[in-house]
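Below, chain A partners chain B and then partners chain C, in two separate complexes.
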Partner chain A sequence: MDMKRSYYEDIELFKSGVILFWTIVFLLVLFTFPLYMSDYALYLLNLIMVYVIVSVGLNILVGSTGQISLGHAGFFAIGAYATVLLMTNLQIPFFIAIIAAAFIAAFFGFILGLPALRLEGPYLTIATLAFGLAIMHVIGHTEFFGGRQGLMAPPLDLGIPQLGWSFVLSSETSKYYLVLIITILMVLFAINILKTKAGRAFVAIRDSDIAAEVIGINLTMYKTLSFAVSAFYAGIGGGLFAFVLGFFDPFTFNLILSIIFIVMIVVGGLGSVMGSITGAALITYLMYDLFKNVNEAPYVGPLFVAFSERWMTITGMDNFNYIALGLVMIGIMLFEPLGMFGAWIRIKKYWKTWPF
Partner chain B sequence: MGYFSVENLSISFGGIKAVDNISFSVEKNEIFSIIGPNGSGKTTIFNLISGIYKPDDGAVIMEGENLVGKTPDRIAKKGIARTFQNIELFANATVMDNLMLGRHIHMNTGIFTGAFMFGKRSPAAREEVEHREKVEKIIDFLELQSVRDQFVGSLAYGKRKLVEVGRALALEPKVMLLDEPSAGMNTEEKDDLTIWIKDIREDYQMTILLIEHDMNMIMGISDRVFAMQQGKKITLGPPQEVQKHPEVIKAYLGEEGIS
Partner chain C sequence: MPVGQLLIDGLAMGACYGLFGLAVVIIYKTSEVLNFAAGEMAMVSTFVAYHVLVIYGYSFWVAFVIALIFAAFLGVFVEYFFLRPAKNPTLLGLIVITIGAQMLLMGLASWKWGAEQKQFSIPFSYKVTYEPISGFIVSQWAIAVFVAAAAVMVFLYFFFQHTKMGTAMRATQQNKHAAKIMGIKTDRVFAFAWAFSSIIGAVAAMLLTAKSILDPNFMMESFLRAFASAVLGGLMSIPGVLIGGFIMGLIENFFGFIWPAWKPITAFVVIVLVLCVRPSGLFAKHYVKKV
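Moving on, here comes the complex of A and B:
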């Protein structure tokens, strides 16, 4: 074990030189991706990072505070719509718009947090589920929000067009760098939040709300704060998502998306930032890429297609996609109930004590 | 009226008077023990004081202020900390984090300041380090160094009880309520705990209310003992007197008790 010389070392971002080294290597790899990756791969990475932001935020709520939300697609939608509408209708610059949108989402998170003071477990889940569905339908039935047709994202201008200073990102590569930097920032914020007063209070509420109360934690404040923070993350994610997709309609933000968010953090590991990142990356990849080309797989591909067309529907492949996703999820839960982060902890422990 | 007092406190649960018109007054820096058979309402009194239950009637007064009707977190901020009979720790956090949570009411880092904890000089990091130093003193005091970074859920029962005392201590309360702190400890741990409770009183100038079943411990450290049965007061006085009180003997040993 390393010798510690000051109390600060306990809360340092990079606890050892090894971690710092690997973080730098990882970041270098991320920053050089566009040099040799196709546009499609970058688009996929952008999606992954957007989902990373959302699941890091959702994990603060579900993993750390222990409050389940099946309505996060709602906050995600609020983020996307508010960013785009603020930019197109009020000509607000991108950065201000996305932050404002995230605060709007956070406000809705606060509102949704209020019933959480009275509701627990399945009852809270239903309340959040209703919220997610309601947001989708309100947006879908309001002309102002583009109705069922959806909205087109404006050009991604980082400058302030009113001052004649504009800096439009149009290529997939430039978007990639923007999303990457925001994702890194949001992840660092989450790590810090969980290490300081508020983060500890969240964990306290999860483990024992009675004890949390008698040591002076205001349940009302911290439960709603957790919802607000989590919604803020979803809002930022939504704002970026709008530009990654370029075009979106209300039904992009359906119930399945909310469930997928939950799946990401459960597969990755509840209550861990690294778990949210790996979970979001894995599930997004599985959903969008891996099983899309299953029919081209050697030998088994045509078999799968035949099976799918015979026993499921004619459009078969989408079904197969979800079945495979389900199987992976069941597999991970069966063999590693703590998610991928749990597996990582076990491997680390094994090597620490190796060869015993 | 003393430093901390309970006046005519009553609560009933569906027709059963769990606490029936209880009054007592505790001096500053006193160790005040509450004894009684199981189900006599000792823990209920603690729950009433710390705001988990609202009394049907009566008042809890500290430094001239009535605490009844305040939420538990407000009461904690007024300076009352407690431990639980059945241990209410944060099992999935380390000992260190549990004790740091005890510092919650003394910390000011908001969510934004916290998010920007980059570098040693950021305000959040400075506050964090300052409170870690204080918690480290408690860890030293209760000899918890060996389990400092372990998860509380994996600790032995006796150690967990101790972590709970440490967390209450981290609040730097004026009044500390200890609910059977020695339950589940072995003799050696009990002896240590007895010394620590005395030390806490001396070093931290604290008023301690103690619920305990271990008579040796009660006799050893209490200034006064309050005996109760079925929600009612039996007697109040110095430990030796209470021990010999016929009603107390009857409550503990039954009608034909031998003294």
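Moving on, here comes the complex of A and C:
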């Protein structure tokens, strides 16, 4: 099933009219959310979309190119800090600042991609992990970056204030539309990049880098390009994250955030854009809403608090979401290593070939 | 610059990192799994010792032995329930599983014991000091660390060279399938390696906590330093790890003395530099890539 018969079939964005129809319906529904949702729900959606951007980018690196990165919080931090600092110190308009920040992140991605040419597997994991933590510590120790106190995001002005033309977004609703449009563009870009020469080179490197080199793929170029593209996504995500949160400090971008990014794509499904979107949405919801406020949940909440009082500690109750995250990570690897996308493919196959 | 002082302190910290690095290397050597949960497993074992020592009020050595037994069971538990059921796991899969175990243990520990910092003391205080040669101040803690490191090294040497289990572990490391054909129960060897590594990690963690404080996050960065020393030693050689640990401790201490603010990132710089220049580590033989 799903056999591609021609090149044009391979590169088309929507495989059938049905998929196109449902995509448009889904997007229209997304655009109507602010009409009936609370500010908190919109804030959560903004956060989800920021993480969607990052995980789509990370999936290009991990899922499609097969390089492991545990340092994406570093790129994310670079995006956030560069955007805010460019806007406050140099009075650069928002759109130019965020793109410049993403390019700075992409440059760091390129730099990190260079040692990645020689490293693989556990060694690469540790090198990227060290990079992410080093970025966090460097930002935390430098006064220019606000040190440990962190930074306040300036007002989100889409216009050019120097020319007297300013367009400040202050409500959650307006931020929601901005983040939504940028997310849609970034996702479309990711779907398309995987169908270009570069995207096919990435997949070839993932499957076997020696075979890829033999058929004439420039490993140096495409491995560093993959790191740079992925870091670019994290940079854009970071720039938006700064405004969604409004205030951030270096410890927001810790190792756990990098781990959460990896979990998002692993839960969603490696190498699939739709998988990273669903994974990011699910994990963000679980981590930042459901498990974080588990003690306020109906029925389960009081039970949980009582259990904590009797056997555990009340102060440590917030750490419950780490336990849940760990269980999700182990469970998904043991029972469904391909993630939600793998489960979806299996269900689809089952229905298409039923009753066989 | 108090060179003697920095040297002794650096070597003592380095021995801790080296011991802890051993915990990582033993598992990596036998099963090629990079155990990200090593730090948290050791942390939980230390909390068990703390619990027995402070809440139940037993003496230190009782707590120590109970913690080591707990550590062994914890290692077997993680191997048996989290790693063994994974069928043909990819490298990323193994990393995700061990990080998952890390998050799980960290969450459990901070749920059980709270996130506030605690004091864990062992009979060997770093405040009691001797000065055998002027300028070289040795604390009781440092002596305990050196003795522990030497004892573990000697024990490991005899274990790997002269016992049946050690030989089985070496055989499994060389070729898992051939070892299986020879009648070695490789699953049991893996479980044993995990228990072993967990015990060594717990010893290292207890020594490290005595110098700093006990909280659920304290092993996170120590794990990276230990890993840096393991990378320096080449991830495969047991004496190499300890020497790597000494180098790491010395670099960190001297660097930290000159630039105190940047001490935390020394480990990461060392890791990245070593990996860029010589991925096989300083002591390992050629880095051979399996295709």
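Just so we're on the same page, the second predicted complex is superposed on the first by the 336 of 356 C-alpha atoms of A that agree within 3 Å, B and C clash if a C-alpha of one lies under 4 Å from a C-alpha of the other, contacts with A are read in each partner's own complex, and residues count from 1 in each chain.
Convention: contacts are C-beta pairs under 8 Å (C-beta built on N, C-alpha and C of every residue); 3 or more make two chains touch, one makes a residue touch a chain.
Treat the numbers as computed from the prediction; the structure is a model and nothing was measured.
**Q** Applying the touch criterion given at the start, work out whether A:196 contacts chain B, chain C, both or neither, answering first, second, both or neither.
**A** The first partner, chain B, only.
**Q** Spot which of chain B and chain C makes contact with more residues of chain A, would you?
**A** C
**Q** Where does A:210 make contact in the superposed view: on chain B (first), on chain C (second), on both, or on neither?
**A** both
**Q** Can A:118 be said to touch chain B (first), chain C (second), both, or neither?
**A** Once the two structures are laid over each other on A, A:118 reaches chain C alone.
**Q** For A:218, using the defined touch cut-off, is the partner it touches chain B, chain C, both, or neither? Pick first, second, both or neither.
**A** A:218: touches chain B, not chain C.
**Q** Is A:84 touching anything from chain B or chain C once the two structures are fitted on A? First, second, both or neither.
**A** After superposition on chain A, A:84 lies in contact with neither partner.
**Q** Could you say whether A:287 touches chain B, chain C, both of them, or neither, answering first, second, both or neither?
**A** It touches nothing on chain B or chain C.
**Q** Can you pull the chain A residues that chain B and chain C both touch?
**A** Of chain A, residues 210 contact chain B in one complex and chain C in the other.
**Q** In their shared complex, at which residues does chain A touch chain C?
**A** Touching chain C: residues 62, 68, 114-115, 118-123, 125-127, 129-131, 133-134, 137-138, 141, 210, 255-256, 259, 262-263, 266, 270, 308, 311-313, 315-317, 319-330, 332-334, 337 of chain A.
**Q** Can you name the residues of chain B that touch chain A in the complex?
**A** 50-52, 71-73, 75-77, 81-82, 84, 88-93, 96-97, 100-102, 104-105, 107-111, 113-118, 120, 124-125, 128-129, 132-133, 136, 167-168, 171
**Q** Under the touch definition given earlier, write down the residues of chain A that touch chain B in their complex.
**A** It is residues 6-8, 10-11, 13, 188-190, 192-193, 195-201, 203-204, 206-208, 210-219, 225, 229, 271 of chain A that touch chain B.
**Q** Of all residues in chain C, which touch chain A in the complex?
**A** So the residues of chain C in touch with chain A come to 28, 34, 82, 85-86, 89-93, 95-97, 99-108, 110-116, 216, 220-221, 224, 227-228, 231, 235, 261-262, 264-265, 267-269, 271-272, 275-276, 279, 289, 291.
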